[in-house]
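In the two assemblies presented below, chain A is common to both, partnered first by chain B and then by chain C.
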Partner chain A sequence: MRLAPVFALAAMIPAAALAGPAEVVEAHILPGTAAFSQATDALAKSAGADCRAVALRAPWNAAFDAWLGIGHLAFGPIEADGRALGIAFWPDTRGLVQKTVAALIANQDPAANDPEEFAQVSVAGRGLFAMERLLYDPALADYAEDDYRCGLVRAIATDLARTGAGIDTEWREDHAQRLQTAGAPGNDTYLSADEATQTLYTALLTGLEFTADQRLGRPMGSAERPRPNRAEARRSGRSLRNVTLSLTALQELAQTLSDAPTPRTDAAFAEALAAAERPDPVFADVTTVQGRLRVEALQQRVRAISDAVQQEIGPALGVRAGFNSADGD
Partner chain B sequence: MQNRRRFLTTALAAATAPCLTWADIGAPGYLAAAREPDGTFALHGLSGRSKPLFRIPLPGRGHAAAAHPRIAEAVAFARRPGAFALVIDCATGQIIRRLTAPAGHHFYGHGAYIAGGDILCTTENHIDSGTGRIGLWSRSRGYLRVGSFASGGIGPHDILRLDDDVLAVANGGIRTHPAHGRDKLNLDTMRPNLSYLSADGALVEQLELAPELHHASIRHLASGPDGTLAFAMQWQGDPAEPAPLLGLHRRGEAAVLAQVDLADAIAMQGYAGSVAFDGSGAFVAITSPRGGRVQVFDRAGRLVSVQRRADACGIATNRDGGFLMTDGLGGTWSLTDRQMHATGKSNLAWDNHLVAVS
Partner chain C sequence: MKRLFLPVLASTALTSLPALAATKAEVLDTYANIAEAAYGDSLATARALQGAVDALIADPSAETLDAARAAWVAARVPYQQTEAFRFGNAIVDDWEGKVNAWPLDEGLIDYVDPSYGGATDENAYAGLNVIANPAFTLSGESIDATEITPELLESTLHEADEIEANVATGYHAIEFLLWGQDLNGTDPGAGNRPWTDYASGDACTNGNCDRRAAYLEAATDLLVSDLEWMTAQWGEAGAGRTTLLSDHDAGIKAILTGMGSLSYGELAGERMKLGLMLNDPEEEHDCFSDNTHMSHYYDGLGIRNVYLGEYERVGGGVVSGPSLSDLVSDIDSTVDTELRESLDNTMTELGLLRTAAETGLSYDMMLARGNARGEAIVMAAVNALVAQTRSIERAVTTLDLDEIGFEGSDSLDNPDAVFQ
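== the complex of A and B ==
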């Protein structure tokens, strides 16, 4: 009973003044959307000043870090108008980012000159992953100020900044209120108070599932056929970093969502974050037995968080995973 | 003797089948299965404006229902692999027959009436061979099993009665075996189709999509005006791939697959749960509980609007215009091709399908 003393201690801490959707909005969502808006704005300003790859890798990474703080909030403003895919088009099973970026360059597509027009470009040609190609692919990243790619990078950065500002504004001016007035007359987004809680709870579980099944599961492939080339953002060396930052954000969501102490969930997050210190940064060694075991151990720890959340947080909040979405027919 | 026999026949009929029509019991517009707040399951009757009319407990999770065309009687199907199909007198709430699939078969969850409401057709799996069957049950003979014929493929799911008692069957193509639960046993080789069968089981037309779409399991059907059939699909390939989820077909013609851009395609997560035409017949909608979306298309397969709602699944024609939709959070919704608004909210979790009572 290693957990017993922790539990006893936690039980003595008084409940936070805020809890549930209101606390999630104030302490998790709005700081996250503001940070993403600021980071993408900084990226666009940097691109305006110097569009070369060497100058943009740092602000691009900062923008990606900020995205991981909110990317799991797959409802409301982030999911409107295909925004989430326009920011982060991954997994990309058909190599559409590469094809779309190559076609934009080959055609010297004038959409890059007009933000309105560029916003209509396929989601595979926009966002963090299209930009990763231009900043990190050795065949593309060596461009000068007068190259089409310079304008393309600026267009992508501007588009990200517009999207980031739009998300932050919509959350601040509209969706925060909707979430906190769930069930009130006229609120056609959340028909009862439970629905706000349910939405945040679903985002937490879906985020954990995405990290386990996609961020870790895709490069793992099968034992016979590991797929290290399918790791997320491997060109920029971010694959493992994305897992860690996403878990950190999901931990914050879990802690702000729950009214009561969550010792099991906290312990599960701590164990997963510890396990995340061991794998290769881009899971390149999933082709070896030892490398694969390290990623597999991390995946199991992430799934254990989901179990803890479903046993500890779900029942306490009186919500569970979607009825039809979880098991359709 | 003659009189006595007639009396017995009438008495038997009265004992085995209700005589009240849908109109007699308040003309429910729709049937839908749900999970109740206490975790049990029930079949609900809803008015044309989705207000609750009646509630009949079920012994397990339901999937779809088949409504008799005239009499207030419905068959509620368990979700696959179906352990039960229950004939329910919707006037009294009594279960009047419990249908058991013949040995070596199980139900897939949908059914349809033909022969003026006398024959119930059920989609079934012949477990050993994995071939799809359509079971036939005679209502006038107390839902006696009176025969079966081939469904035209593997994994028949939804079934619809069209004009002249032609049956449209969505053969999803996926082989399952009760010993393996809901595991899909043949994803590499699956070949779904849409089959049109005559009432005596003859295959009159069959639609198969291009080989590269063999992972698009044809699952649910809706019939529209002038013989157009809409079919909704569930993609069994990589869920991150943009796959077509809606097709429109008229007999003797090629299918039209709905076209959407990359972001809208991926947002549905490869899964359409239900399909319906709107009251005008000009629009058709599919739901994705996984993507939390309803997509509305015109008859040419062009996307005209997207509505977002978590766990959206059941959808049916609203005869007053537009659609009615239900979700797993207990919401009922009215939709047009342009907008959506809530018509009700309860603590039920509405199950996959909203079935219009004709």
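== the complex of A and C ==
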């Protein structure tokens, strides 16, 4: 058993007292939900002022960045009402975003004029990925103020801001307390302190699995049949950026959750983030041997983080992962 | 291949409780007996379907088509109850795609409505239509499909081009051949394939009736042979049973893994919530026949069966014995009571969903945008399944199935491999 390299270590965990669910809430979750709420609010305001694609790409990217800070918290307020799907419907194995956005435009669907009605629209026509189509698909992105697409973009931005505010409010006013008072009388969500810890631990491992299997695994396909067109958010050039930002957020979760030094986990994150500097930004070259190797190396590093977390953090916390939403097909 | 988290379970903690050891073996015996009976019933009802398909092909009529459809619906009752065995037992999970793969790009198999489109970015063979094309090219290879055989379906067409939506075999391929596409969207009505799609000579509609019949027969024969194989795996010397019984702790783990993974990720998530959020009738599990409410109901019942150690056979009679519920109750009756109540609550909600579907609000109608009543019915069942999953996790904790092993991880055998 090898000692972890010095560079990734102890300084990141200031003190044992500042770890566990309470610390995760204060240092990771609430800053994340606030940032996403603010970013989506800014996106909606920008869309209100100027709905054209050129004006909205920057605030849309900022909102997507903020989503990657909390997208792995797939329980409680983000799971409720299918919010995660309404924000980021991906993977889209049946090409439904394209079909749904096209149908909304072709029908000039009046739902775009009414936020309450629009909240009922298919998740394939809402959220960051529907908006990506409108902002980056050359066949769609060249629209003017008087086009239906202008109103559609505004409706999506408004819907994202509504969802972002709802998540932040519910976390602040309700779920933060539930996590922090796990096991206390009257807490019917977390019947023991361990259940709160287990929920966060499961979110950590599920997030790592999603990045390895989906964000990296989908474009990799098989060696015989690589699938670069399946890369997440490739139209906006964000595929690799999403991996990096997601890993950064998961690293923060791991560090705030653990109340002991985690040298192996820290080293594994550092190695994965270093490996994430090499692939093509949208994994376009997974069709080549070298390109595929770079993505495969990154995928192995991400899986190695899961192994380190399971060896180091789970036993130290005395919990094991619960069921996760990726179990099954 | 998904790595399940639940396999991170104990070996030493459980074996340190000798008082329960015998009980554990009995619990696993009950579980394997239920598997054998439920796959046996699935096989018997699939054979009945095979008989009905033979009758349809020999003497096509509205009556023989209806009889085949009824036989298919009946065959789903025991099969869906076996889904609780899938995620905990590799032998089932590795095989399951042959018999119950879903959703499918049905244009691979037969004619479809123009609104279906054809090949897509995801699937170049979404519109292949094997029934109309005795020769075609697949991934660069020339295929001779003059004879439609089980072998052709299984080895060449199923998951062609590594696309999961290319489903050429199993219940849903047969369902499509019996019902056809449901073109009613989220309005009332199921698929409405005319019986004349199997008629001979000039009476044949939509062309290639003989090839369609050959496809239906091959797919049904394959279903029967696949279920024969799986039923045998749960017999006295079958690999499903012997693997399960070879490690009691891993066996208990398998039961709980199957219950939790089907409850949460698969049924509540993939099959119910996702379709609802997409408002997409093609996201319903039995989309051609509108039998989805029954499939969900019997999935739920199957989960409860394996916890209570009790299965009601198709022909009457009950298979039962010492149960996981007994095992949990011996340690903490509160946790057992909570889990049994959760399972009952799920069955109440799935029962309400079933009743609603049977009385005019079919499952695809529930998925329509703005159908508040449908959404409430589906979400109540989803929420019950999610709550049930939390109760299952508490049972895992109660059984002290904690830590110790890291199955599926490179790092167990070679810790340094992780950090290379």
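Simple rule for what comes next: the second predicted complex is superposed on the first by the 307 of 329 C-alpha atoms of A that agree within 3 Å, B and C clash if a C-alpha of one lies under 4 Å from a C-alpha of the other, contacts with A are read in each partner's own complex, and residues count from 1 in each chain.
In this text, contacts are C-beta pairs under 8 Å (C-beta built on N, C-alpha and C of every residue); 3 or more make two chains touch, one makes a residue touch a chain.
In this text the structure is predicted, and so the values were computed from the model without any measurement.
Once chain A is used to superpose the two complexes, chain B occupies space that clashes with chain C. Of the two partner chains, neither chain B nor chain C is touched by A:287. When the shared chain is aligned, no partner comes close enough to touch A:38: not chain B, not chain C.
Legend: residue contacts after superposition of the two complexes on their common chain; A:307 is shown touching chain C, with no touch to chain B.
Of the two partner chains, neither chain B nor chain C is touched by A:181. Ranked by how many residues of chain A each touches, chain B and chain C are led by C. When the shared chain is aligned, no partner comes close enough to touch A:169: not chain B, not chain C. Of the two partner chains placed by the overlay, neither chain B nor chain C lies in contact with A:248. By the touch criterion stated above, A:91 is placed in contact with chain B alone, chain C being left untouched.
In the superposition on chain A, A:198 makes contact with both chain B and chain C.
In the three-chain model built by superposing on chain A, chain B overlaps with chain C at stretch 165-173, while the rest of 165-173, 183-191 or 201-209 show no clash. Residues 82, 85-86, 93-94, 96, 122-124, 191, 194-195, 198, 202, 322-325, 328-329 of chain A lie in contact with chain B in one complex and with chain C in the other.
Residues 75, 79-80, 82, 85-86, 91-94, 96, 122-124, 188, 191-192, 194-195, 198-199, 202, 214, 322-325, 328-329 of chain A are the ones that touch chain B when the two sit in their complex. Across the complex, chain A is touched by residues 2-6, 8-9, 87, 103, 120-122, 161-162, 164-165, 260-267, 269-270, 273-274, 276-280, 282, 369-370, 389, 392-394, 396-397, 401-403, 406, 409-411, 415-416, 418-419 of chain C.
Contact residues of chain B toward chain A in the complex are 35, 63, 79-80, 109, 157, 219, 234, 238, 240-241, 261-264, 266-267, 271, 273, 289-290, 292, 308, 310-311, 313, 327-331, 340-342, 345, 349-352.
On the chain A side of its complex with chain C, the touching residues are 1-2, 4, 82, 85-86, 89, 93-96, 111, 117, 120-124, 191, 194-195, 198, 202, 205, 209, 213, 221-222, 224-225, 229-230, 264, 267-268, 271, 304, 306-308, 310-311, 314-315, 318, 320-329.
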